[in-house]
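In order of appearance the chains are A, B and C, and numbering begins at 1 in each one.
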Amino acid sequence: MRIVACVKQVPATTEVKIDPETGRLVREGVRSVMNPFDLYAVEQAVLLCERLGGETIALSMGPPQARASLQESLYLGADRAILLSDRAFAGSDTWATSYALARAIETLGGVDLVICGKQAIDGDTAQVGPGIAAHLDWPQVTYAAAMTDCTSRRMRLKRMNEDGYDLVEVDLPAVVTVVKDINQPRVPTLKRVLAARKMDIDVWTAETIGADTSCLGLDGSPTRVVRTAPPPPRAAETRVIQGDPEHCARAMVHELRARSIA
Amino acid sequence: MTANRGRTIEIELLSPKQSDEKLEESLEKFAVKWRRAIDAGYMVCVPDNPMGNLAFQCTELIEELALPCPPGRVSVHLNTFHTKEDLDGILETMIRLGIRHLLIISGDGAVRLPKLRGEDIGQDVESVTSVELIRHVRREYAGCFDVGAAYNPYEPVEHEREKMRRKIDAGAEFIITQPIIADHPEMDTILGFGLPVTVECWMSRKLHLLSDCVGYEIPEDTPYDPLENLRALMLRYPRCGVYLAICGFKTQFHLLGELFDDVERRIASGETGKVNQ
Amino acid sequence: MHTLTDTQRSEYADVWVVAEQRGGRLKSVTHELLGAGRPLADERGGRLWCVILGEGLSALPAECFARGADAVLLVDDPALAHVTDETHAAALARLIEKHKPEIVLCGATAQGRALIPRVAVKANAGLTADCTGLSIEPETGHLLQTRPAFGGNIFATIRCGEYRPQMATVRPRVMAEPPVNGLRTGQVVREELLPAEKHARMRVLEEFIDESEAVKLADASFIVTGGRGLGGKRGFDLLRQFAHAVGGAVGATRAAVDAGWIDYAHQVGQTGQTVQPKVYMACGVSGQIQHLVGMQSSDIIIAVNPDPDAPLMRYADYAIVGDLYEILPAMLRQLREV
């Protein structure tokens, strides 16, 4: 099997803040990490290849520093890593990003399965996985918590939703997005890490993938961010509720109801 | 316990992190420190993924870097954030390498790390803490290891004392403390358990870095002489081992030998710290 | 991507709400979106449509009209009985091309977040996920969409000026449900699936409803957390009961996990998970910094503690001074009263 695991390098979002004066993201000093959900995507691809034979290719669209996340994918056991990097991609929203990734997957050729993490923790949109499926015109299964009965032609998955899950069967090639229940990413051994560090990471450009430049970057992005702002500040006052338990309970439940929570 | 100078002297070495860009270089530096500490006659130990950051295990560092591992000179730290498979791998490698000294702690978790479950170790519990892991190792690997537990005097006393009793009940045979600065009222309790105790000494001048550990804000410019603190601890607790955390290999390591000689001389001449030998 | 000309853009009108339904009934998020769509349609001088793809839908138009829809677009076909994304997206994209709605809204549910991004690509449209605010920009008539990003640490306003339709998903319980007006009626338009659309490469074999309703910490909008102050494992039984009553999840501090009272999977904080629920209720939690960093982005923080000076009691929005073993059962009783 040839499996592509899509990976994104993101800021450690708990550290991201808006400069209250400029309204812009403060990026200095914020660590970059592999999008946590993508770890599960890579692990799942590697597991499938271990079970069925094949090749896992980690693919990421990003600036040069995204190599670190691709390297982490190699530590996890990916056989190959490709960085899609080009100034032409700058300013891409999810439409343009999924377009570029889809073109890369087509350029690679012979891909049976694309696995993505459920969503990226910076954008939180969960749009790129289905977007890639749409650009490739492949079937998609989202929020997969388990994969069974896998062959190179089809597989069964547990597709999660708010009420429970659907047991689905999909013909390959397909795009699958995964949630954290699907596996437990392995802890890479020192041996594997040292070997992976000797591997090359391919760098592909817009030209490599034969992209239509009108579908890339800002030109390829139907959405525009008009403004960013910090979240509304927490009220400075603490409302203290005391007295007998019934009174406290009543007061708090009243507040919750007033805010349409209970 | 090592035969070194009549008591345990443990040098803590931090493993390079998996995210280290200059990993090969960091591993070199690590190996150099390891050899220096071993050659000087001390024990070495490597914490297990501290702060939940993916690093490397002591056992794999020894094997990959072909580090010397004389009997009684290496201590392994083990927390509950492993798969059963990885846990068994570490313990079996320890046996193969002849390492007996094992400190078991609950550990700093991270979502990135796996976690042992009750069913992995045949125990019906809500959560696997150091207590359950100590019990598991003492049962499944009886006689293979000298198993110890940690005592944190900065946690609420009743909780910590009760927890230590459960750790001892599960089979803990020695105790290592969190960093002690000069003295701590809980040392009486810790010594009172009747087990060999190793006292941790914070070797960095930056005492304020311990604020999170001690649970109150230590001002950044607080004057602190780590070597003097080490000397004081060794005099006050002559029968306890010492665990040197964040030891400066460039600035402090070469001074240790002399310091230990001085302490031995003073103890031999009848000088004591304070109460509680 | 070729932007639309002004003339092309002017051909788009009306607000569509793509419905989500189960068992012949609309889900409440669809009601909420009809509520949110009404002022947008009014502002733009267009009609509010509810678009329903499924099987056995005859009872649904009435529900849509009652919640404010002017018209309902129905595609009723056995091939739509289960959501395969492919079939639904292909049909929706084609119908969007045919009817040219200006704005398309859908619930940001598991279903919506899978389906609508596929539609948006097929329809060459801009999509904004998880909107917390929707409004019409007065000068231009474009839809302004506000949403959180970076785990809730920033709020972004987004616009798709040049492209149509403007698509947005909205989480359940963000918008208010509109009142029911049983007297309203409207137009019903039926469309058919094309034969090619009926063939999907994915099949739903079976649907499973999870009776246990165990809510994941990461997804929960209400988290009730226990700390050392619980005094023991049994405290978490009370918290589980409470969480179930409010449809939330149970969290824990490191102290509680290290004491062996609950599994690490529930740990919130520096060495556990980071959460951003609507409500975070911490019981018997002192509020050390290592815990705060895991929950400080919560919308509302409630602390229950006998000690009024515990750090979290001073940080929280609501500080309830008392014994959680008395307060929580009392709250449970009050919550059960309607």
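Keep this in mind: a residue touches a chain if its C-beta (ideal position, glycine included) is under 8 Å from a C-beta of that chain, and two chains touch if they have at least 3 such contacts.
Owing to the predicted nature of the structure, the values given are computational and were not obtained by experimental measurement.
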item: Dominant chain pairing [most C-beta pairs in contact]; value: A-C
item: Maximum centroid distance from subunit A, chain identifier (CA atoms); value: B
item: Centre-most chain [mean C-alpha coordinates]; value: A
item: Subunit A and subunit B: spacing of chain centres that average the CA atoms, whole Å; value: 38
item: Distance between the centres, which are taken as Cα means, of subunit C and subunit B, whole angstrom; value: 47
item: CA centroid of subunit A to CA centroid of subunit C, Å; value: 19
item: Residues of subunit B touching at least two other chains; value: 111
item: Touching two or more other chains - residue numbers and ranges from subunit C; value: none
item: For the subunit C and subunit A complex, residues of the former touching the latter; value: 1-2, 22, 82, 84-86, 89, 109-111, 113-115, 117-122, 124-130, 144, 148-163, 173, 176, 200-210, 218, 222, 246, 274, 278-279, 293, 297, 300-302, 308, 313-323, 326-327, 330-331, 333-335
item: Subunit A-touching residues of subunit B, taken from the complex the two chains share; value: 18-19, 21, 23-24, 54, 56-57, 60-61, 64, 82-83, 86, 111-114
item: For the subunit A and subunit B complex, residues of the former touching the latter; value: 36, 39, 68, 72, 75, 184-185, 187-191, 193-194, 197
item: Of all residues in subunit A, those that touch subunit C in their complex; value: 11, 13-14, 16-18, 25, 93-96, 98-99, 121-131, 133-135, 138-143, 156, 159-171, 174, 177, 180, 214-215, 219-231, 234-235, 238-242, 245-246, 248-250, 252-253, 255-256, 259-262
item: Interfacial residue positions of subunit C with respect to subunit B in the complex; value: 228, 233, 255, 257-265, 267, 271-273, 288-290
